[in-house]
Amino acid sequence: MIVDNALYHEGVRVPLDDGDPSLGHARVPCGRGDFQWVGLHDPTDEELQQIATTFDLHPLAVEDAGDSHQRPKVERYGDTLFLVLKTLWYVDEDDAVETGEINLFIGPDFVITVRHGQGINLGTARRDLEQRAQVLEHGPMAVMYAICDRVVDEYEKVGASLEIDVDEVEESVFSPARTDDSVRIYTLKREIAEVRRAVMPLREPMRRFASAELSGIDEQTATYFRDVSDHLHRVSEVIDNLDVLLSTAFDAHLARISVQQNEDMRKISAGAALIVVPTLIAGIYGMNFDQMPELHWTYGYPFAIALMVGVSSVLLWFFKKSGWL
Amino acid sequence: MIVDNALYHEGVRVPLDDGDPSLGHARVPCGRGDFQWVGLHDPTDEELQQIATTFDLHPLAVEDAGDSHQRPKVERYGDTLFLVLKTLWYVDEDDAVETGEINLFIGPDFVITVRHGQGINLGTARRDLEQRAQVLEHGPMAVMYAICDRVVDEYEKVGASLEIDVDEVEESVFSPARTDDSVRIYTLKREIAEVRRAVMPLREPMRRFASAELSGIDEQTATYFRDVSDHLHRVSEVIDNLDVLLSTAFDAHLARISVQQNEDMRKISAGAALIVVPTLIAGIYGMNFDQMPELHWTYGYPFAIALMVGVSSVLLWFFKKSGWL
Amino acid sequence: MIVDNALYHEGVRVPLDDGDPSLGHARVPCGRGDFQWVGLHDPTDEELQQIATTFDLHPLAVEDAGDSHQRPKVERYGDTLFLVLKTLWYVDEDDAVETGEINLFIGPDFVITVRHGQGINLGTARRDLEQRAQVLEHGPMAVMYAICDRVVDEYEKVGASLEIDVDEVEESVFSPARTDDSVRIYTLKREIAEVRRAVMPLREPMRRFASAELSGIDEQTATYFRDVSDHLHRVSEVIDNLDVLLSTAFDAHLARISVQQNEDMRKISAGAALIVVPTLIAGIYGMNFDQMPELHWTYGYPFAIALMVGVSSVLLWFFKKSGWL
Amino acid sequence: MIVDNALYHEGVRVPLDDGDPSLGHARVPCGRGDFQWVGLHDPTDEELQQIATTFDLHPLAVEDAGDSHQRPKVERYGDTLFLVLKTLWYVDEDDAVETGEINLFIGPDFVITVRHGQGINLGTARRDLEQRAQVLEHGPMAVMYAICDRVVDEYEKVGASLEIDVDEVEESVFSPARTDDSVRIYTLKREIAEVRRAVMPLREPMRRFASAELSGIDEQTATYFRDVSDHLHRVSEVIDNLDVLLSTAFDAHLARISVQQNEDMRKISAGAALIVVPTLIAGIYGMNFDQMPELHWTYGYPFAIALMVGVSSVLLWFFKKSGWL
Amino acid sequence: MIVDNALYHEGVRVPLDDGDPSLGHARVPCGRGDFQWVGLHDPTDEELQQIATTFDLHPLAVEDAGDSHQRPKVERYGDTLFLVLKTLWYVDEDDAVETGEINLFIGPDFVITVRHGQGINLGTARRDLEQRAQVLEHGPMAVMYAICDRVVDEYEKVGASLEIDVDEVEESVFSPARTDDSVRIYTLKREIAEVRRAVMPLREPMRRFASAELSGIDEQTATYFRDVSDHLHRVSEVIDNLDVLLSTAFDAHLARISVQQNEDMRKISAGAALIVVPTLIAGIYGMNFDQMPELHWTYGYPFAIALMVGVSSVLLWFFKKSGWL
C-alpha cells in the first residue's frame, strides 16, 4: 500500500493530492534540489513493480524489497542507493525482540521507503522531519540519515531492555533459591543473536557513510552518519558485553547446580545417619541372647529410646560443628 | 557421460545432432558472441580427456574435475575460468545433508559442466535458461551465474531444513522428558560443518565476481553476482547462528542433566526416608525388653502400623512443603 | 558549572577574573601560541550551549558532551578535536570499579574540559600542569597529553587493584575450604569488562597520536603520546590476562567441586558401611532359630558387640589403607 | 651421508661416478639450464660444512639444516632459496603421527636435499622425476615442486588416517558401552596439533609461490604450486574440521557420562527399593506385639514371603512403567 | 651500578680504566666505526641520570629504563633505538618461571645495557662477544643482535622446561590414581601467560629488524635478526601448543573425575547390596511366625548363614559379569 507520497521543495512539503492512488505511481517533475518521497507499507508485488517502473529501479533490488527476510545491507545500483534495515523492538509481555524491515531507495531526486511488518513508524518520522526544513533541505541523504538514526535509536532501546533481562537472570542465578535458568539464558542468547544480525552488517556501510567514502555524501552529512555509526558501535558493544555476561552467568549457574547437589548429598547423608544409627541400636536390643542385662532393667526400654535420641543428637551436633551441614 | 551438447547463437539453442556421441568431442565453430555448452555427468577419464584436448583445458584443472573430493574454488587458467562448486541437498528420511559436486570450465566461447553425484539437476537448469534468451545472450558468464544462483538457492533450502532440525533439538532439550540430545546435536554440528565447508570458500570468489575485479565480468553481470554473493552471506549467517545456538543448547542440555540428577537424588532420598523410618519403628518394637507396655496393648500392633504410616505421611508432607520435592 | 577559566601565555597562567561567571562564556582574545582553558563540571545544558556558541563547537559533539554515557572516542570536527575519555577508579569498600567521564574539546587556541561524575580531579591536574610552563608552552595538545596521561595512570591503578582481587579469588579457589567462588568470579569478570570498554576504544586513537598521523601533533608531542599508548597497552594486557586467569580459575573451581563431591561420597559410603555391617550382625543374632549356640553363651552379648566393633574397625582400617578415604 | 649426486642436462640424468664420495663435495660445472642435485640423509656436520663451502650456502641456513627441530619455513639467502618441510606419516600400530624433516637448498643451478629421519623416500621421488624429463627440464624449481607435492600428498594421507580415527572415537563415544574416551580424544588432539604445525607455516609461502610473487618462479610453475597450495588448504580444512569434531565429541562424551551416572543412580535406587521394602515387612513381622494375628496363621510365613515378593514386583513394574528405569 | 665500560675499535676492546667510576659517566671520543659499551646493573636513579646526560638519551626512555615493570618494546628516539626485553629463566625447585628485564640503548656509536634482576648474564655475553671481533666489527647492531639471540635462546630453554612439566601433568591426568591436577594446570597456565607476555610483543619488532625495514640495519644484520625472529616464532608456537594441550588436559581431567565418580558410585552400590541382602534374610528369620519350619531345623542357623553368603556371592559374580564392577 502507498501510505504517503510528497514532493519536497527546499525542505518544505509541497501539497500533492495524496488521495489519488494513481499519483503514487507517477513521478512528479522535480526542480533542482527537490525530491519526491514515496512511502509504502507491505506493498503488493504489483505496487512495487509499478514504482520500480516509474523510478527505474534495478529488478534485483526490487525483488529484495518485496521479500521481508533480507539481511541488512547497502548496495549501489547506478546512482541509486538501496538500503535494507532491520527494525527491532522489544515486546515486554513475552520478553522477546521482534523484527521488521525497512527498505530504502535513495535516488538523486527521490526517496522510496518500503516497510514490512511493524516496528518503527515511518509516518511519524516523516512528520518530524517535515518540521525541520533545514534538515530536509539537504535532500534524500538527509531522509536516509533521519531514518537510520531512528532505527538505531530503537536498537539502543532494545539493548537497554535486554540489559534489564540479563540483570534479572544474574539475580536469579545467584539467588539462594533453586532455579533452572538455562531456558532463560538460552532464550536471551537467541534474542541477542537476532539483534546482532540486525546491527553487525550495518556497521561497515555506516562507517563508509561516516567517512564520506561514498559519492553523494558530503562532509557535513558524513558528520551526521558518524553519529549514527557511533551509536551502532555502542549498541554492538552493549550486545557483545551482554552475550559474554550471559555465558559467564551460565557457567556460574552450572557451578551452583554442582554446589547445591553437593550440599543436598550431605544433607541426605546426615539425615540417613540420624535414622540408621538408631536402627542399629534397635537391632542390637532385638538380639536374642540369653544374657542381655539391659533387657531386664525396669527402665531398659526408655533407656534404649533415650540412647537412640542421644546418639542422633550428638551426630547432628557433630555434623553442624564440623561444617558438614 | 556426455548428457547434452549444444551451440547457443544470440541466446538461442542451435539444434545439433546430440544423438551422435562423437559430436560431444568435437568443437563446433562459434561465431562472435556464440558459445558451446557441453554437459557431462560422472564422466570417465577418457571422456574427460577428449573434452580436455578438444577445448584445450589445463591438465591440473582436468585432474581436479575428474575427482569428486575437491574443495570449492575458482581458478583462472589462461582465459579459462575453472570453478568447483559443492552441491548440497537435504535428505528428509535421515535428516542428513548430502553433497555432490559441479565443475565448470568457462571459456570465452564455451561452457563445460561436469557433475558428480546427485544434487542439482543441470538438465533442468539448462532448459530453464534456454527459455530466457536475454540472459543467455550474455554468453558463458550468464551460464556461470545461472548455475551459481541455483546452487546457492539449494544452500538456502538446506539452511532452512537445518533450522527446523535445530528448533526440534531445542524443543527436546527444554522438554521436561529425559532426553539424550547429545547424539542429535553432534550430528547436526557435523552437518553444519559440512555446509560451511561448501559455503565459506565460495564467499571470496563471489565477492570478487560481484565487484567485477575479474576480467570477463562486466558491470551488469557483476550486479547479478552481487545477488549470489548476498545469498551466500545469508546462508553463512544462518549456518553460523545455528552453530552457536547448538552450542548453547548443548550447554543447556548439560545443565538440565545436572538439574535432573539433583531432582532424582532428592526423590530417591525422600523415597528412602519413607521406608527407613518405618523400619526403625519396626526395629524398636522388635526389641526384647521385658518392660515394653505397647507390646501388651490390645491394639499395639495397629498402633505401630498407624505410627509408621503417620510418620511417613508427615515426612512426605514436610518434603513437599519445604520444596525438597 | 564552570569551575575554572584561564588564559595561558607562553605556558604561564594569565590572571583572569574567575569570579565573574559571565567571563566563562566569553572568549578571551588569544595571541599567537596562547590558549584559553575552560573547565566545566556536570554542566547544565544552558552552560554547555553558551560555551558551544562562544567557541563555535559542533552541535553533535556538544550533544555527546552533555550525555555521560558515551563510549571513549576521538573525533575531528573541522580543526577541533573532540575526545571522550572514561575515568575509572576502584572503590575499596565494595571491590567495585566506578566510572566517570571526561570530554575534551581541543581547538587551535582553546581547551574545554567537561567532567561528569567523580573520578580524576581535573583541578589538581591543572595546578600540576601550571607548575610546568615548559610543557604548557606546547599549547592545547600538551593539555590533552597531560589529561590522557593522568586518566591512563588511573587505569593502571585500577588494574593493580583488580590483580589483588584475582589473587584473592585464586587463593580461595585452591584453599581446602569449601567455597562458592562463582559469584566473586562473575563480579570480577563484570568489572574487567567495564575496564576493557574504557580502555580498548582508546588504543587506536592513541596509536594514531603516537605516530603523529593526526595533523596538529608534532613529532615531540607524538613521543609523549607514545608513552600514553604504551601504558594503555600495558593496562589492556593486564586486563586480558586477568580475564583469562579468572576463566581458568573458574574451571578449576568446577573441577574442585567435583573432586570434593567425590570425596564426600566416599566418606558417606564409608560411614554407612560402619553402620550397616553391625546392623547385619545384630539382624543375625536377632534370628529366631532354635539352635543358635552363641545365644546361650554366657558372654554371647559382649561377644556380639565386640564383633560389631571389630568388623567396623577392620573396615575403617581397610578404607584408609586402600586409599578410599 | 651423501646418498645421491647427479647432474641433469635438459632433464636427463648425466651419469656421474656416484661411487666416489669425494665427488659429492665437488661442484660439477653446469651448462646453461643444467643443474646438479645432491641428496643427503642425516649428514654429519662435516659433510654439511663441505657442501656449504662447495655451494656457498649461508651459514645460518646450514646451521638450520643440521638441526632436525626446525619449523617449516621458506627463506631467501641471496639467489638461494632455503626450504624446511616437515614430513608426516601415520604409524598404524600405535595410531600415531610421526614427523621427519626435509631441508632444500634451491640455487639457480643446484638442488641440495637434506633429509632427517624417516618419512618420504626422496630416492624414489628422484627416480620418478627422472622418468619425466619434460618436468626436470624446468630446472631446480621443478624439483622443489615435485618434493613439495609429494610431501603434501603424504599430509593428505595422514589426514585421511586421522579421519578414520575420529570416526572410531565418535562411534565409541555414542556406543551404549561405558567407554573412557578422554585419553583417545586427548591423544588425537595432540596428533592434530602436530599436523597443524607442519601444515600451517607452509600455507603462506606456497600461496606466494602460487601467485608467482617470488622471483625465479614463472607463470607455469606457479600454476603447479597453486595445486600444492590447494592441497595444503584441503589438508588444513580437514584438520581443523577434525579438531572441532573432537571437541564436540568430547563435550558429548561428558554429557553421556552424566546421563549414564543418572541412569546408574536410578538403577541403584530401584534395586535398593527392592531390598529395603521387604526388609521393612520382615521388620514388622519381627515386632514382639502380643496381638499380631498374622503370626498365628498357619500360612502366615508363606503369606509374609509372598507379600515381600508381591510388593517388590509391583515396585519393579511401577519403576518400569513410570520411566524411572 | 656501572658494571663494565669499554670502547671497541674495529671489534677489539680498547682497555679503559674501568676501576675509575667517574669514567662510566664520561663519553669516550669514538673514531669512525668505533663504539662505547656501558653496562649497568640495577642502577640508581642518579647513575641513570648521569648516563642519560652524557649520552643525551630521551627522558621518557630513561624513565622506562629505571622501572623494571615495562612490557617488551622497541622504540626509536631520534637516532637512538630503545629496547626493553624480558629475560626469563626456569627455577627447577619450584617449577616457576622467573622474569628479569634488560633495557638497551643503541646509538650510532654507543650501546648502553641496563639489567634489572637476575636472569641472563650480560657480563658473560660481553666476554663471548669480545672473542668474535668479526661480529663486533659490525658495531652496536651486532651487540643488539647478540643480546637478543641470547635472550631468545633462554626463552627456548624455558619452553622446553614447560614442555616437560606439561608432559608430567598429562601423565598424572591419565594415571589411574586419583589426582587433583587442577592446581598444577592452573599454575602452568599462569606461567605460560607470563612467557607469552615476554615473547609476543617482541615478534613484530624482530620481524621488522629481519626485513631490514628499520634504518641502521643492513641486509646482512637483517639475516641474523631473521634467525632470532624465527626462534621467537618457534617459542611462541611451543607456548601456544602447550596452552591448548593444558586446556584439553584439563577437560580430560574433568571427564575422568566424572568417570571415577561413576565407578565409585557403582562400587558403593555393589558393596551396599552385599550387606543389605543378607540383612533382609536375617530380618526374615527374625520374624515371629508360629509356623516357620526352618527355625526348628537342626542346621537352620548354618543354613541361613550359608544362604546369606551364597546370595552375596551370586550377587558379586553377577555384578562382575554384567560389567557393573
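Think of it as A, B, C, D and E in the order they're written, each chain with its own count starting at 1.
Note that in this section a residue touches a chain if its C-beta (ideal position, glycine included) is under 8 Å from a C-beta of that chain, and two chains touch if they have at least 3 such contacts.
All of these numbers come straight from a predicted model, not from anything done at the bench.
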Along touching chains only, what is the step distance from subunit C to subunit D?
2
Count the residue numbers both subunit A and subunit C use at their shared interface, divide by all numbers used there, and answer same if that is over half, different if under half.
different
With chain centres taken as the means of their Cα atoms, state the distance from subunit A to subunit D in Å.
42
Distance-wise, how many Å sit between the C-alpha centres of subunit C and subunit E, to the nearest whole number?
26
Junction residues of subunit E - those touching two or more other chains:
254, 258, 261, 265, 272, 276, 279, 283, 286-288, 292
Chain contact graph, described as a line, ring, star, complete graph or other shape
ring
So if I start at subunit A and go to subunit B next, what's the full loop of chains?
A, B, D, E, C
Parts of subunit A lying in touch with subunit B, wherever the complex brings them together:
58, 60, 64, 70-71, 73, 75, 77, 178, 180, 182-183, 185-186, 189-190, 193, 197, 250, 253-254, 257-258, 260-261, 264-265, 268, 271-272, 275-276, 278-279, 282-283, 285-288, 292, 294-301, 304-305, 308
List of subunit B residues in touch with subunit A within their complex:
170, 174, 223-224, 226-227, 230, 233-234, 237, 241, 244-245, 248-249, 251-252, 254-256, 258-259, 261-262, 265-266, 269, 272-273, 276-277, 279-280, 283-284, 286-292, 323
